[in-house]
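Everything below concerns the one structure shown next.
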Amino acid sequence: MRGLLVGRFQPFHLGHLAVVRHIVHDRPTEPLVLGIGSAEDAYTPDNPFTASERFEMIARALGAEKITGWLAVPIPDIHRHSLWVAHVEELVPEFSRVYTNNPLTRTLFEKADYAVEATPLFDRERNEGASIRRLLREDAPGWRERVPPSVASYLDSLRATERLRSFGAPSAG
Amino acid sequence: MRGLLVGRFQPFHLGHLAVVRHIVHDRPTEPLVLGIGSAEDAYTPDNPFTASERFEMIARALGAEKITGWLAVPIPDIHRHSLWVAHVEELVPEFSRVYTNNPLTRTLFEKADYAVEATPLFDRERNEGASIRRLLREDAPGWRERVPPSVASYLDSLRATERLRSFGAPSAG
Amino acid sequence: MRGLLVGRFQPFHLGHLAVVRHIVHDRPTEPLVLGIGSAEDAYTPDNPFTASERFEMIARALGAEKITGWLAVPIPDIHRHSLWVAHVEELVPEFSRVYTNNPLTRTLFEKADYAVEATPLFDRERNEGASIRRLLREDAPGWRERVPPSVASYLDSLRATERLRSFGAPSAG
Amino acid sequence: MRGLLVGRFQPFHLGHLAVVRHIVHDRPTEPLVLGIGSAEDAYTPDNPFTASERFEMIARALGAEKITGWLAVPIPDIHRHSLWVAHVEELVPEFSRVYTNNPLTRTLFEKADYAVEATPLFDRERNEGASIRRLLREDAPGWRERVPPSVASYLDSLRATERLRSFGAPSAG
Amino acid sequence: MRGLLVGRFQPFHLGHLAVVRHIVHDRPTEPLVLGIGSAEDAYTPDNPFTASERFEMIARALGAEKITGWLAVPIPDIHRHSLWVAHVEELVPEFSRVYTNNPLTRTLFEKADYAVEATPLFDRERNEGASIRRLLREDAPGWRERVPPSVASYLDSLRATERLRSFGAPSAG
Amino acid sequence: MRGLLVGRFQPFHLGHLAVVRHIVHDRPTEPLVLGIGSAEDAYTPDNPFTASERFEMIARALGAEKITGWLAVPIPDIHRHSLWVAHVEELVPEFSRVYTNNPLTRTLFEKADYAVEATPLFDRERNEGASIRRLLREDAPGWRERVPPSVASYLDSLRATERLRSFGAPSAG
């Protein structure tokens, strides 16, 4: 059976890569689905990249690591938490295990009788996503050390720094 | 660069399989994206299966053929044709070629400067989709000959005949 | 625990009343929820009356029968069958039993582990709804015999015949 | 105060022009608002042209007639008839008179206390819209005689015949 | 005629109960409709409970007080203030009086010619809702004193404290 | 060809007027389209006025200046930035030039190959919009000096101060 890891991957960074490596190492025969959350959101301070671009980052990063047997599925927001698990089940290939450290995600999937496992590294990266976006916006050198090299050069090709600057600061930043 | 083939795959049948084989044979190094159209539609006479179930059919049929290098992406409807290509571009990994015999799909993608190629077999299958759903609803033996064996057994496991019967006849059928 | 009866009640007619009487007689201590389906639809040939007006019909008809212990809840459409049960559960007070003869409703609720019971009379009324709307549109005398007297006078107060005529014929009629 | 004429103008034809001429002649000092209905619909058999293109047709046709003092406002569908008048009021500059022969439009605006006037010619054109679209699809010569010359040449520049053919026949046609 | 009291009831607390008692005492023969606002919102810091659960709280609290003759109707958000009164009118059984201290609610209903009455206690409770949610999240003993006993035990059965903690802090808190 | 200036015009003030004057002076033969953004938003602290009312302000202000040859089109939000340009193109009469100082608007239109020009004054007014709304809410005399006199008297007729006060303070204010 498959495992499911939901994230926004804005951008896909070393924290995400570490989690994927960890899962794939633990369960090498279990295909992993990466659910690309808030898929229809893009060109905003918190969601700068399209689902299409986020797929590209994942494909390059996992390809460079020779990780196979994964698939990525865009998951648009539904804005109704009580229906979210049914929404995911409808769009994503069948899965039986969910990897998350987000307490709400855990609550909702457990209510629907899924096995939920923590990914110790994953929670920390949440903040990493925001700080990498801040570094990108300022074109501070630190962002390059926090994403896989293949993602760094892809972000260059997108002129990510320029794009992030065009949004202004995020409301909470 | 990738090619894109959009269909609803309700269900994935031998016509679809022939088209995929044809494309993969012609361009063995070009990854193929199968866009699962009307992704959020399910449990209706014309769209009986969820995107999740349709992914399963594709994976089983292409796996049995040892076809690799494809990926499948759910594409929800947007109900605004003028915005549809931008919607697809946002969700689907970058592609440069579109395979279709649908004249509207051709019109919209050509307007957005994509190379569009006809798939001579593909148009005919359109009707095949409807007739296979009718045969399924009636549990007429013919439906088994029109889908790959792996899809047939998957449809059995879904109790597809029973499901289709529960919708009543489609409005136009 | 409560029972749930979902209908569109366009309008509430003698068939509906018979079903409610039957359920209330069978299980006098179990509160009955009437889910008013397609709640946000109104002023169309198939859904001529608002949820507010349909509530009024139910209240008058059940009041005249001295039936108490029911409640009525508007349920807007969600247009995604796979999510419909979760949608109903979110809006409607908790229930454990579903009354329906509609095969799709049965399929969806059974998949979510509800007890589903047939209401032998209920299926037939489906067509009755359409035929009463047709009679109303034509102001044919027959419609009065098919709805409770309190509903008939309420429909008069709404000038229902005039309203239905203003829509033209339904697409399938 | 302004008058309001709502139509879909798919395309803007001689029937529409006659109505506008009639209104402008009757009330030369009262600005006329043309509400472009189903504004977000395009590239379908019944709504082939975008609101932007329909604006262009109106501007060319009324410009050729030296009719001034009008304005055109796109009105997206809201799919809830009970809310439609409030929706129109929010988007359209204030108006006090409504021109329509559509019974439902009349019902809804009268309920909201607007003065509603019939436009004797307008009802007939409804069918004209459908028949002009059919003629356009078949590239039958008749369509040119039913639209203003400036609209005919604009439709040529859009390659309207080709576009309509790409949709296939409308479901009801 | 009925009165209407709109609230979110997240959760239903003693301030709400006082208002209902006050209204029922003043107008014992006038049925009271409780409109459950933001009905489709749940599992968020500001809207932790589903409409279904909020109905349950109301039913238990008013049942314990032997208050009858009320009904509760879920009202989903519409996100367009100009259309909100029409939206409420479509879903809620007819009413002629509105109880509110919210100035916007007052403005919108007065514009639509409703009699609006202030409920002196009601405004204060607005902040009470937020502070009770904060107390719940921290499992501080104070929350129990601010809701009816029947609501407190219902919230225990929902493991409300745990649920609220799973969302993190609200953005503004 | 036309030029396009997108703004929310909440309210239309002297900064907007200066920009329009500047454009019309520079290109007197090029019609100017004012796109009324967030058209469906109204009765909120940041979007207090309906598109209909904002049209009225524009018409009065430009009429007082004897500026003709403009038109105004409501543009509802679409909440998907990647699709926004296609959305605007569908609703607005064809244009070839875009006036903006907003970096995201520039990015999106440049990506779609439009000529984009800065309007040096326009950026500053962004804050002016917020500060005029704040002054209006407080009924501080300063607001009258920042809008054209015809807009000031129109705002009086709307009892704008009272309306703004009814919303409470904006979340960020």
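To keep things simple, chains are lettered A, B, C, D, E and F as they appear, and every chain counts its residues starting from 1.
Simple rule for what comes next: a residue touches a chain if its C-beta (ideal position, glycine included) is under 8 Å from a C-beta of that chain, and two chains touch if they have at least 3 such contacts.
In this text the structure is predicted, and so the values were computed from the model without any measurement.
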Fewest hops from chain B to chain E - one hop per pair of touching chains: 2
Graph separation of chain D and chain F (steps between touching chains): 1
Self-contact between copies chain C and chain D, residue sets same or different by half: different
Euclidean distance of C-alpha centroids - chain A vs chain F, Å: 37
Centroid distance [mean C-alpha coordinates] between chain F and chain C, Å: 47
In chain E, residues with contacts to at least two other chains: 40, 42, 50, 80, 82, 89-90
Touching chain combinations (by label order): A-B, A-C, A-E, A-F, B-C, B-D, B-F, C-D, C-E, D-E, D-F, E-F
Touching residues (chain side chain E, partner chain D) in the complex: 80, 82-83, 85-87, 89-90
List of chain D residues in touch with chain B within their complex: 40-44, 50, 163, 165-168, 171
Contacting residues of chain D [partner chain C, same complex]: 80-82, 103-104, 106-108, 172
Residue ranges of chain C touching chain E (in the complex, touch as defined): 39-40, 42, 50-52, 55-56, 59, 71-74, 76, 89-94
